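Each of the next two complexes has chain A plus one more chain, namely chain B in the first and chain C in the second.
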Partner chain A sequence: MEKMKNNDTLHKSARHVLLVMLAVLPAAVSAGPSGQAMAFTCAGCHGTDGSSVGPSMPAIAGMDPEVFVDAMKAYRQDERNSSIMNRIAKAYTDEQLKEMGWFFASQRLQLFPQQYDATLAARGAELHEEYCEKCHENGGRPGDAGTLAGQWMPYLHYTMEDFLDGNRKWPRKMKRKVDAAIEEAGDDAIPALVNFYGSQR
Partner chain B sequence: MPSRIETKRVACLWVALLGLMITSAATAVTPEPVDGTAQPAGELMIDNFDPETGKRIIPNERCLTCHGDEEHRTDVRDDGSPVEIFVHSEQIEASVHGSQKCTSCHVTIDRVPHRKAPSVIVGCIECHRETWKEHKDDPDGKHERLEVVNEQIASYMQSVHARPNELDQSRTNATCYDCHAGHNVGELGSIQRAEHRLQNPEICGHCHEKELEDYRTSDHGKAVMEERDSEAAVCSDCHTTHEIASPETDKAKLQITKNCGDCHQEAQRTYFKSYHGQVHRLGYTDAAKCHDCHGGHLVKSEDDPTSEIHASNRLQNCRNCHEDANENFLSFWPHGDAHDRENYPGLWAFRVFMEILVFAVMAFFWVHVLLWLYRELMDRIQGKGFVEDLSQPDVVYFRRFPLVWRWIHFLFAIATMTLILTGTTLLFSHTAWAKAVVEFLGGIRMEGIIHRTAAVIWLGIFFTHLAIATTNIWRKRKTFEWFGSTSLVPNMKDFRDLRDMFKWFLGRGPRPQFSQWTYWQKFDYWAPFWGATVIGLSGLILFMPDKTSLILPGWTFNIANLVHAEEALLAAIFLNSVHFFNVHFRPERFPMSTAIFTGVIPIDEFKHDHRLQYERLLETGELEKHLVHRPSRRLSLAASFITTVLIMAGLTLLTLVLFGLVTLPS
Partner chain C sequence: MTDMKRRTFIRATAGAVALGTLGIPGLVLGASRRVVVVGGGVGGCTAAKYLRKLDPSLAVTLIESKPAYTSCFMSNEVLSGDRTLQSLTFGYDGLRRHGVEVVQGTAVGIDPEKKQVQTAAGDTFGYDACVVSPGVGFKWDAIEGYDEKVANALVPHAWYAGPQTQLLRRQIESMPEGGHVIIAAPPNPFKCPPGPYERASQIAMYCKHHKPRAKVTILDAKDAFSKQGLYMEGWRKLYGYGTEDSMIQWISAAAGGAIEELDPSTRTLVGLVEDFQGDVVNIIPPQKAGAIAFAADLVDGDWCPVDKRTFESSRHKGIYVLGDASSAAAMPKSAYAANSQAKVAAAAIVARFQGKEPDDPTFVNTCYSIVGEAFGISVAAVYGFDSHTNTITPIPGSGGVSPANASPEIRKREVSYAHSWFKNVINDMME
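Coming up: the complex of A and B.
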């Protein structure tokens, strides 16, 4: 009888714990998943914590959080050429995008060695210094103009094609600069720049 | 039992979930770098965010990447138009704002590269106000210049520049950085200041193009823009820096004329001596101001044939205001200086003569007053002299003045006081009282009307009196003795009396005995004859200058103005001090004599002051004819009242005049 009583008490305390948890749970749910939790779903394409392993998938670890939010909002509003990002972006609120942005900004970008042409990369360095450095500062390292240094070269190629083909809207002044680089280096201009960025460590 | 199983399951689930969260969080925080990048783990790869607020920081160097590139000073706007984007980083660093961040002022810049065409939205006022409020009590005094800045802000806010632009009400006519090189604000006395002065015309000229074009051709403009003389006048020297008013307003006209004097002190001094300058200094812009004659932005020396004051252009210049001006105007001295013997000998001579006259008359009579006061006080102490017995007042009075003279004196006194008040406002236009009086009277033009009306009454009374006196003498022409005891004509006895009075003053003889008129009364009577001549003649010239100037040469106005003022000054001081003492304030009469309003004096006073006449009348048996009863109490009160008012008014005028004289700028 005493044992029974004891068991009853245990059950009661366990029930109390559960009740408290149930009471707290809705509050936790309403706070929403953390940026980190939301970022888990990105790993499939963009690699763990945004360090992409795929050649055409941009690395987003360590990137400027406001650039991240800008890109996501552009996808959400179908203002940026995409395969599936426009559909994914629609799932997030502004606040969630900001949290995800800060999660990726807080990550270290893991770079994977890429094969590049050293001659073209050297030419690209000159072109970068002349036409790109003012916006893509420090050789294109993460900043308010995105991440170019160490970025996957195929991705850079596709993106430049998008710009040049009119599939993606040029940021202010960029067309002028790219045109000038092509004017100077001809068809080598884009490969040179892509090789330069790909050569970055 | 089922509940027990349930509890275990739930607990297991929670433990598993918790473990999952901890491990994933741990791996997220400490990733393994595979490529050996330089940065340590845990730090942001981007460095331009405030770790506490998460806000973007834009360092000045980032801005200067583009805006400090000397090789690419211009950029192209979205519409294709060129835009100057270069700023001198060294200038900013050397300026008072050297330690500020670009974005402290350029608050709308939040992204670099700029996502949208950036608009220059900079608000200087709030920051300067707040900073001053915060630091005004700092003991190091590092921010004390901000006090001046805040005063200038207050002035600016009242200026025409701070008003909404008529074509675009969303902006002001001009704002701080339209004039101040925003990136190059220097400390007082710094090289930036001198540079800023030299750039001032160009800066103002951005909006005021026509004015700059004119200014460029002027003597000021040439000195500043061609010879790079930063001491020569730039726009803000005349127009002020922050209080700028619309040039059509009185405020601007007054400011500009005042500011000309900051450099041209001598010209301003002589200008203020002229009628034009006096009117101006009273706060009215009706009369000619510096720029009316010299040209504002086109100011040039008189040798320049294109100058407005060049001999061949001067008459046309006068005609801007004096439409009918003829050649006579050319001999007027707008800056005539009565102290400059070399250039204006005529004017100088008149001044010297008038000043000797004023000083001599005043010196003589003030000595006379003081000695007389001394003597009467000494006599009183010694129980001598004439003391009215108040317990037994006189019932018999002697008639001194018939009604007509009493009226004439009353009107003459009123007119004289009005003339003194209105006239001395011009003479002492530098005083606050003069400005207040003119404003009270209704402005400079109304004052001119009042002064001229009083002058007409004054001269009218003078001539009326002359007519009555002449008629009286004519009637008695057979018996009238020109130098007789009742005549006002001075005679030798007057000079002897004067000598004897001085002896009496000094205790060296008895008080002389007088006839019907004492010598000081005769002086008071005859002085206005001289005054009427000098003031009347000069006043007539000045009465209608537009008309008289057609007949008289211009320099007569300089002289008329001078003598009119000097003689008026003499009259104002003499009447309100010496005349008042002789008649009212000397101990025998104090506090006043009402004889000029009641027309009678107590017989004892007559006996004392006019002993010879009293004895003569007694001898001839004519005394009875002049004796009357004591005036009624009401008449006495009325006379005392009027006398008191006039004395008070006179003393007030004397105070104002003396104050004006003492404070007269040298």
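Coming up: the complex of A and C.
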């Protein structure tokens, strides 16, 4: 198990090197807008350089580029419940998504304080440790999975609603883990987790 | 040509001779390049912030006549009572923190030869590049009997948020139960295409609770409008649209909605077919580029032609015209469009200062409208650039409006997205 994880990490590092190489070459390789120019157009909804100040729009700064590209592809293929991202994602090629992904990956994530329920957050911390930490490492900080720590709580609520209502495809193993958390904590499970992530800085 | 190749090329061929126009301005010229931005709205503020972000050596001065910015987007919520005008008002300290010099003054002229902006106070500001983002002005001669004085006192346009927004709100609050509100919507093109219809919706939302027998009539100079299908879906669900008792009526130009004259004393609008009398009348006049665009000879007709790659004026080199005042054809005159255009212009200015060709541009527009308490709708578009025809074109297969008959959950989410959108646009332009 450990060994596999190391291989994954190596594989990912190699990918990152490739992405860096692509990011410095675009002007020579292709005409068309730069990754930065495309990423700048997202800021009106996701905040300058991807640090959102609007609680319904997720922060995307510092996001793993592969997670970004996967999310955009899912929107592009109408595989993820959305009101607007599906319409926007259809404008970009795979290559352009990679360039934007790399831009956001290299931005510093700025988080903003949110009001949270301390009791729920404490319960959520336990649930996270038991059911989520394995994939959402370091309390859900940016890594191989989407950014959860410090992420806007209304956005996290929408996301969990979509998973539970069958409007978003579960990543491998996630459904089993979330079901187990709900089995343990009942209706409090999701609010507890959301409050825990919202409490993180 | 990549940076690396360019530098090698310059070194090999031009040596030190060309350095005056290339390289890092602050070091080579001994003084930083100056950009003067005229207008402290979405286009001007975003350009100022991103110029400093892309090249901190630039000296950026923003000239704006008001001490603070009040957004017109979301101001329809002031009419329903859902928010205060104060919540839409933002000072320019955020831009100052980005190193932008903010000058309160009114630009009255631009000399493209001397590269100077003149203000009403008699000051001149020299520039290496000038950004002009003045927003819209009104065609005061289009509707007989309607002028600025009448708008300030009696029949507000409220198409810039401010005292007229508050006046309109007070008029709606104090009209009798069963009163009649008339909104006269302008012909294309105009600022915020879905705005008049969101305004009707927000007023209806207020009346539904406080004056349930009131009527809101939109008299339109057009036969179709932005997000029309979605608005009508919302109106049917929320305000009885299509029934005898509908709170909202829409009268197209073809049905006699175009207005020629106002009698302010009786609040009567004279149309081609019939007259309309209201307890509250809101006229959104036909529009053109803001005053400075005319004074600086930047217009061709009503709007300012630009090179779509950079938003540089087609009439005067070194002046970039953004936002509502520019003629960007495919793009609506919206906050998001101005924000997107400003970044393209800022990147082009910085590239040219560095002796590079500007990249191909890319643009986005997103716009939310709040039709009712849990009923939000949106339009989105991503645009590319065609260098052969100098046109901005939507990327095929992308964009469009919210799906028809979406679930109540999606409609409700779009209201919360609208409010988050507002926060992020303000943040990205001036914080």
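Assume the second predicted complex is superposed on the first by the 171 of 201 C-alpha atoms of A that agree within 3 Å, B and C clash if a C-alpha of one lies under 4 Å from a C-alpha of the other, contacts with A are read in each partner's own complex, and residues count from 1 in each chain.
Quick note on the criterion: a contact is a pair of C-beta atoms (placed from the backbone, for glycine too) under 8 Å apart; a residue touches a chain by one contact, two chains touch by 3 or more.
Because the structure is predicted, anything quoted here is derived from the model rather than measured.
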| item | value |
| --- | --- |
| Partner chain in contact with A:R141 - chain B first, chain C second, else both or neither | first |
| Contacts of A:K173 with chain B and chain C, given as first, second, both or neither | first |
| Partner chain in contact with A:A105 - chain B first, chain C second, else both or neither | first |
| Touching partner for A:I88 - first (chain B), second (chain C), both, neither | second |
| Partner chain in contact with A:I182 - chain B first, chain C second, else both or neither | neither |
| Touching partner for A:L164 - first (chain B), second (chain C), both, neither | neither |
| Doubly contacted residues of chain A, that is, touched by chain B and again by chain C | 36, 40, 48 |
| Chain C - residues contacting chain A, complex | 1-3, 5, 50, 335-336, 339-340, 343-344, 347, 359-364, 366, 378, 380, 382, 384, 395, 397-400, 402, 406, 409-410, 413-414, 416-417, 419-425, 427-428, 431 |
| Chain A-touching residues of chain B, taken from the complex the two chains share | 3-4, 7, 10-11, 14, 24-25, 28, 31, 33-35, 37, 39, 41, 44-46, 48-49, 54, 56, 62, 65-66, 69, 75-76, 78, 111-117 |
| Parts of chain A lying in touch with chain B, wherever the complex brings them together | 7, 11, 14-15, 18, 21, 36, 40, 48-49, 51, 61-66, 70, 102, 105-113, 133-135, 137, 141-145, 171-173, 176, 201 |
| Residue ranges of chain A in contact with chain C within the complex | 25, 27-28, 31-34, 36-38, 40-48, 52-57, 83-84, 87-92, 154, 158, 161 |
